[in-house]
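Two complexes come next, and they have one chain in common, chain A, joined by chain B in the first and chain C in the second.
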Partner chain A sequence: MSYLGVFLTFARNSLIRDMTFRANFLIEFISSTAWMLMNLGFYALVYRYTGNIAGWSKYEFFVFISTTMFVNSLVQAFFMPNAQELSEMVRTGGLDFALLKPIDTQFLVSLHRVNWSSLGNFVIACLLLGYALPRIEGYQLSPLAVVLYPLFVVAGVLILYSVMIALAATSIWLGRNQSLYDFWFYITNFSRYPMEIYDGAYGLPLRWAFTFIVPILVVINVPAGIMAKPILADNPYGPWLAVFAVAATVGSLAFSRWVFQRALASYRSASS
Partner chain B sequence: MLARVQTWWIIFRICVEERLVYRGDFALGTLMRFLPLVTQIFLWTAVFAGAGKGSIVGYGRNDIIAYYLLTTITRAFASMPGLASGIGRQVREGEIKKFMIQPIDAVGFLLLARIAHKLVYYAVALGPFFLVFWICRDYFPGWPEPPVLAAYFASLVMSFLLGFFLEATIGMISFWFLEVSSLLFVYMLFNFFCSGHMFPLEILPQPWQGIVEFLPLKYLAYYPAAIFLGKVPPEDLVQGLLVQAGWVLFFVIACRAMLNAGYNRYSGYGG
Partner chain C sequence: MSAIQIRNLQKSYRVYQKKEGLAASLAGLFRREYRTVEAVKGIDLDVEGGEFVAFLGPNGAGKTTTLKLLSGVISPTGGEATVLGHVPWRRENDYRRRFALVMGQKNQLWWDLPAQESFKLHQKIYRIDPADFARTRDELCELLDITRLLQQPVRELSLGERMKMELTAALLHSPDVLFLDEPTIGLDVVAQHNIQKFLKHYQEIRGITILLTSHYMKDVAALCKRVVVIARGEIIYDGSLSGIVDAFSGHKVLSVQFAGERMPGDLARYGEVLEEVAPKAKLRVDRTAIAKVLSSVLAEHAVEDVSVEDPPLEEVIAEMFARNQATEVADAAAKPVAAPPAT
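The block that comes next holds the complex of A and B.
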């Protein structure tokens, strides 16, 4: 309960801060939305020339894109600004103050800032989902999908969070990790496509590695598959992929927690 | 005259050395920048498999991959990270004053600094670029004819000049607005979509394709790549290059005019 209370205070303070610079908030809101709409425009163009991409029809793929937007907006709103700040805190010694507070350090550094403007994409994603779903041929919304979809979106967010915080924690060892954001972008870039496109002699090992070693391919694919297709019928791994996604979420969280604590143990304050 | 050349030479050397400080990080960063290309290859393979035909708007799968690879080269010439926002910051913080006091031309200084940065970039990035292009050599249809290749290089060099003067012109707007970051963002967005950075421009339906045809943005990514891949008919090459040169000239003049007009209304905020 007290952790929830602390988080709500963080969220409230961030909102107040964002609202102090309203024009900036609006610009960030519009810009993050514009990028996603452009991305959507690209696929709308591509689907003029093809009926499906790796078994995903146009509107199924729009569901996939809206899932990407859901997951990314949540990650960017809650975790991205904090992970970026962590490496800065390590460099400047600001982490000392976080360590002194009577609260779990990982909780504090992961959540103390909420970037509200990133939630703009969340709204757009809702609209896109509502637009795309009824247009899928022969689509029937199952109650099971409605229940499972948000759960697996959250699971996806948690997997990405784990990757991110583990990467950010490495800055404790490295002193500074400026290319963190780049690296993050390039890794998650793989997750933003249907896993079926990774095919052939090079694609299959890649798919396997990004599913079972670093499980970023399940992040979007599982919830999108649950929503767009009859409970993952077309998936190369079948419904087992969803079961695996749950295990992967728990596993990644535990792993990132372990990495974070190991990193903290070797933290030498940069003097403050 | 000699003194003038010496001044420019020293400015150039300082900029080169400034840039060489982080070369290791730089080379690694360049190599990583090709990672999204891996997913592009898989994506387009899937698109062509789904379409069930060998070519889309005249591009085969290999052509598309080659196209993306070539646009990375054009972008290496035409993209000017931090140029307009840098000018904006100098105007806002008053740093631009030094160009009014010192006998150094602001645009000339910026151009020289940018050339120095680009040269260092090419020297360091040549390794990663060479590696990636060698790995991907099978996607290319082969070397074009020497005249086409010459046109390609001419277009590349002009894409650098166009990119520089276009973005400098946008930066000069900060004399009027002080804060240009949101304007820059809109420009970046259009640039990404209309320059051909995201896809070959032939994919756009009419009337958009016709509109983009008339914008200078296509010379910042699409045009040189299209020349290399033989998408521009040889008889149109000269005309195309002339139009590109015309755009460069236009922005050279626009940039200068904006700078002069800006100096006239500048009132020197900050220290």
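The block that comes next holds the complex of A and C.
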């Protein structure tokens, strides 16, 4: 419970800080929302030329997009500013202070800042989901989907977090390492599309790698599938994919923890 | 058992030897040469509970590295240390709740927020009882005279005010051991004095163990009875501050005021002439010869006033560091030279 108290204080202090810089907060809020809306407009345009992409109809895909927005806004609000800062903390020796605190260092480093303005997209995602679901042909909302959807969104957030913190932690070994962290943006790009599009001689290896090696394809696909398509009923692989997503979440977290601990053990600190 | 026990503690780093020029930099992409830097070379030290000990030494001597090892920020390459019975680099929460590290060159408070928000965060992280927290905070703020600044964002505070806030944050959980790494660096004389006064008072009433590194001799003279001098990763002196002069200074300063206007012309035969403004002169005289020189000066000249003093502490220490650096060069060239005597 004390960890929750610490986290709430982080969240509170971050909000006070964000409110001090009101204009900055508003600009961030507006620009990230505008970016998501432009993305949405782009897919609306694409669907003027086709009825479905890899088995996803327009409104099903809108559910997919809103899932992407949920996951991304959560990652951006809670983890991204911290992972970004880690490499700087290593370079300047600021990590010293984190190591002195009688609290889990990974928890402290991963959550000490909350970027509240990123939650704007969370609200947009709610609206988009509410708009798209009733427009899917013959859609019936199942109670199971209502329960599982948020759980798998959180699982997806945790997978992306694990990849992010593991990449950011390498800066502890390498002294300074913004580029490996940037790599996160390259690979997580792949998670933003339905896994069905990764097909054929070039697509299948990608699908395989991004499912079983770096499991980022299950991040959006599993919750979006649960919500938009009766993944558990129709698709014979559906339930297994969901089970796999749970295993992938646990595995990713364990792996990132291992990397983080190993990195901390060899921390050199900056000279002062 | 001592509060701090250090046995043969070592820390070495492997650093990349960067060469000059673009071609060499490109070659460095493929083949790198590394050099091992021994920051701490087998230190032994015992500090009793309640002691206030100063670490002196030139830049790069290993003072900060030692403090970081004792704080568990970094792990050693060899040797052992325990602080309050804990091995620091195991980073146990039980240990981390009992000490604090303050670094004059770095700040840990949230830059854009008033310090009191950072204090509340410390309360949560250290699990400080709310009543204890309020009492300790008020007490510290009153002692340091910063109560009126609690609402102000840290970035708007002066360096001295910020250091007081840093100290408060570090002491909120009432640590038993405090590591201070140059806490008065960059501060003006008044701010330095205030911090010294506070540390002295706090240490006296709480009886906590403090290790301090500083380049300001005033800090050390005001606060610490015991001084440990580190150079090149080794302890070369451990004793009182005044003892440094006896151990490391080979000379005394003889000041003479001659009677009348005429100055003797051959002062140099007594020792090196430091200053000569008639009718006064200052001479640097070998410590072993001081009695002899003094009696001949008095016998051979009409003298109005005379005094024999130790050279200023700063000078002795600068000389000692310089000598140590010279030894380093000699070391590299020839066989090891015996270390200066320790008391």
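Just a few scattered comments:
Just so we're on the same page, the second predicted complex is superposed on the first by the 264 of 272 C-alpha atoms of A that agree within 3 Å, B and C clash if a C-alpha of one lies under 4 Å from a C-alpha of the other, contacts with A are read in each partner's own complex, and residues count from 1 in each chain.
Keep in mind that, in the parts below, a contact is a pair of C-beta atoms (placed from the backbone, for glycine too) under 8 Å apart; a residue touches a chain by one contact, two chains touch by 3 or more.
None of the values given here were measured: they were computed from a predicted structure.
After superposition onto chain A, the partners chain B and chain C occupy separate space and fit alongside each other. Annotation: apex chain A, arms to chain B and chain C, angle 90° (C-alpha centres, rounded to a multiple of 10). Of the two partner chains, neither chain B nor chain C is touched by A:Ser142. When the two structures are aligned on the shared chain, A:Arg17 is found in touch with chain C, with no touch to chain B. In the superposed model, A:Gln261 lies in contact with neither chain B nor chain C. Here's the short version: in the overlay, chain B gets within 8 Å of chain C at its closest Cα pair.
Of the residues of chain A, not a single one touches chain B in one of the two structures and chain C in the other. Contact residues of chain B toward chain A in the complex are 25, 28-29, 32, 35-36, 38-39, 42-43, 45-52, 56-57, 181-182, 185, 189, 192-193, 198-199, 203-205.
By the touch criterion stated above, chain A contacts chain B in their complex at residues 27, 31, 34-35, 38, 41-42, 45-46, 48-54, 178-179, 182-183, 186, 189-190, 192-194, 196-200, 203, 206. In the complex of the two chains, the chain A residues touching chain C come out as 2, 5-6, 9-10, 13, 16-17, 20-21, 92-94, 96-97, 99-103, 105, 108, 265, 267-269, 271-272. Those residues of chain C that touch chain A in the complex are listed here as 13, 64, 68, 71-75, 91, 93-94, 96-97, 99-101, 103, 105-106, 108, 110, 112-113, 117-118, 120-121, 124-127, 153, 181-182.
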